[in-house]
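The two complexes that follow have chain A in common; it is paired with chain B in the first and with chain C in the second.
And then the complex of A and B:
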């Protein structure tokens, strides 16, 4: 996806326009709600992609920012701030939180980093469950960003807009010096530091950006479902879901998170009737299959297929373009 | 003071089971560096196995836990060859994904089969309390503590004395040289993964009487297990035992002085503190 030619840009815009026109012919609330979640999780996956894909830091704590977005919207609005400004304030608060969390967790590597991000998210969930300002386990009602009969339509459009903005940010990052720094850190952090990249700072910046966008999505989600409890907007499952959507589609690619969201959410929606409460079962099966059979995700696997057919292998590849090789090196690194 | 000591005693009772869980993960994560996010799910499977034996065949959980251990050992051994071995030498990223996938399948599979209802295991032992002066201890917890203690000692002896146990530690210390010493690395690693899941099964069985059973019951224990391994120092099985006891006491004291609902927060606080300031673990020696 690195060489995004102008026709590809038009294609993306065309698809976005097609997505935006969906409410013109879909009037079913249930369907719009499903589409809203697909669009929202595309945005979440794309936001996560900045940290987990380009910088290669497997965060399973993104729900913290998601939750702060939702809770922030409710709390700031309750204090008398206009809704849309509360949403931005909430995203600002999440960014601040990311700065604090990032300073702690980015000093850790590999599984320790992932565990620390889980810990951060869980601490927030426990705090929201026990503190008065967040309404405890009962939760809070959220202000409606859109109301009226057609509110799902507007939520859907807002989510599409957010996904598009996040996609553009991903695109800009992937082609910028900053993006290359992140990818260098992903490939080999020691070497990246050796050539003068301030890895802590770069990782932190990617997290701040990601947290801001994730919180916006959280606010939209909280508002759409009208009330929030810690187990809905601060659950570890959501973090896992965001990461898996991106990994399934292809981490470190532009369209991977979108494809992942479409595939996973429609699959889980289709199987919901069979499995009822157990719809995460299908996630589990898909993850295991992806890890075993296409570790670079759907987009990565397609790129391989495509590249093999069309042109001879690129021998002098610097940083591997596009799909990230997640399979790791043959020798395990030991600390 | 009495309240303090009582809380410490209760903490040790829980801590022994934590130790068992932690030692299981230490065998998988500490020794082999397989990032196992499914440990709590294995525990949950052990609990359901023990519960089914109790519910359908009326077998006391304090016998049933052994069956759960055997079941989880076998399950772990098969799982290793089918799903874990392919990711063994890959990045932690892939291992986390794989084991998270396994955990989701087990948890939601359990939900599909057994439903989301809470189950309670009614045995008379659970309502009996032993008193000694001003102190009182739950009989069931005390029995679990005793059994866990025996298992911990047995496992420590196995790892130290037994040839297979020594091979296991040799792989932990240097996986490149171990095969040169004639150790069949794959076999031992499969075995140690199975031992780890087996321990989770045993611990699940022993925990059953004290908890309400539902499919998500194991989730907290995955993170707890990692906290314990990190506290005890990576690669140290004995350290994990101490880490478990320490965590039990820390949680119990937090419940007493701060409030029950904050006990879990202490887990994470301890975890972040240890990782930030003493990554080799409280009981771990600094390794080069």
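And then the complex of A and C:
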């Protein structure tokens, strides 16, 4: 769980700048749309990572915040609010919703927590399907945050920007006391409480932050596709996809969600073109393989590999009476 | 002087089972008190009640004269009650250093300050050489020390040690006991609960509280308590008397 060193941060900024320059030479709308989705899901994975990765709370209800972001944008704009302010208002509404949902679901743990988050998302989907204000099953048209011929370029850049902001937030969190608190809660909630951590409050704070960012991504997505229905922005599938992307890349790591989004979404696009109908099967096999052989995700597996090289595993960490090192390896080794 | 910890007629029932029955005892500053008793006597329950992980059905618990009977665990911890877990509960994927830092974060928001504090505590517990290893996979002796280190890092006024020496070899246990005496230099009063390692209790306790079936059956100085017929009957066994301790 080592954070980035400063040169690594510069490297990330360099990569971000490279990503931002992509529209200079990619003018194909289809490709830009795919890249937009990758960037957007990187942001979504990173936002989810705060709750599902660092705090270890496996939420499958994040689509609720995603959907509120998209619907909020449409509804607030319809009420006459300027669209960019609508987007922020929608994110605010999602944060409020997170405060309510969080107070309920965080009292549960493990699979019960996950089931409750699924239920929360489904309740929202059903509400959107049946309420007049959300247009029912027919849905709503969304205001265009960007328009004109090059609108995919702007959506792509906005998604990159959001992903970068979310990455920086992840970075800051991972290096702070708050981040340590979240990791402690993930590792053992009882122990966390024994060292004075108000676990409910910390989980809630991580969810509020995550929900706000998720809703911004939802608004971008809704606006980019111009039209939203409950099954597009409130579907359980999206929650699952966000979680899988993060876990595949490495939950609780900084770059895991980004790598997960790049690998999974580009694989999915390639297979869709190459294998037609069977692409879902291959997609599924890929996920099973990662879960079986890299349970800590791609970044986790790489870290293990790296650690095995730098730290000889022969140092049996023994303490003898009097605290002498009994590892038999002579001098104790560090780092 | 107000006692640092006071239990007044504390009872806890789990359904029909009375795990703790009207237990009262106090704990003064600078004291090392051990709670002993056979398996199932209610020692761990008493610790859970004091640290806020359980709340009593009856009775009052006071810490530095203030009521903490119904405080949440994190509130109790912030007031200055540190605890270890009998069944060790490390943060397995974090390093030893990070485990201890989490304790230190209770008193500082600064990552570097927490790290410095953690390093000092690891040195005190003679486990500096383990600092960068993940807690998962450490042997029990190291994990028991890690429990103490993490609790100590919260700078508690009272530290509850739940069987930190049980499960260790006699040599390991005695080495740890030496360290426990040093805890007072960190400004900590100590309550330990130990099951089998009477040598450790005799060596470092100022006072012993004996529980049996959830009730307090004896209390006093170690040398007096081990001679009490009720204690020998309930816990130590007749052999203990014959052996002359």
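By our rule, the second predicted complex is superposed on the first by the 298 of 335 C-alpha atoms of A that agree within 3 Å, B and C clash if a C-alpha of one lies under 4 Å from a C-alpha of the other, contacts with A are read in each partner's own complex, and residues count from 1 in each chain.
By our rule, contacts are C-beta pairs under 8 Å (C-beta built on N, C-alpha and C of every residue); 3 or more make two chains touch, one makes a residue touch a chain.
Fair warning: this is a prediction, and the values are worked out from it, not measured in the lab.
By the touch criterion defined above, A:175 lies against chain C but remains apart from chain B after alignment on the C-alpha atoms of chain A.
In the superposition on chain A, contact is made by A:183 with chain C only, not with chain B. When chain A is checked against chain B and against chain C, the one touching more of its residues turns out to be B. Of the two partner chains placed by superposition, only chain B is touched by A:278; chain C is not. In the superposition on chain A, no contact is made by A:132 with either chain B or chain C. By the document's definition of touching, of the two partners only chain C reaches A:195; chain B does not. In the superposition on chain A, the residues of chain A contacting both chain B and chain C are 332, 334-335.
Residues of chain A that touch chain C in their complex: 1, 175-177, 180-181, 183-184, 187-188, 190-199, 311, 315-323, 325, 332-335. Chain C makes touch with chain A in their complex at residues 51, 53, 72-74, 77-78, 82-83, 85, 89-94, 98, 101-103, 105-106, 109-111, 114, 125-133, 137-139, 141-142, 145, 150-151, 153-154, 169, 171-172, 174-175.
Chain contact summary for the complex, chain A toward chain B: residues 56, 58, 60, 104, 107-108, 110-112, 114-116, 118-120, 122-123, 126-127, 129-130, 236, 240, 244, 247, 275-281, 283-288, 290-292, 295, 326-328, 330-332, 334-335.
By the touch rule above, chain B contacts chain A in their complex via residues 29, 33, 35, 83, 86-98, 100-109, 111-112, 116, 175, 219, 223, 226, 230, 234, 259, 261-262, 264-265, 267-269, 271-272, 275-276, 279.
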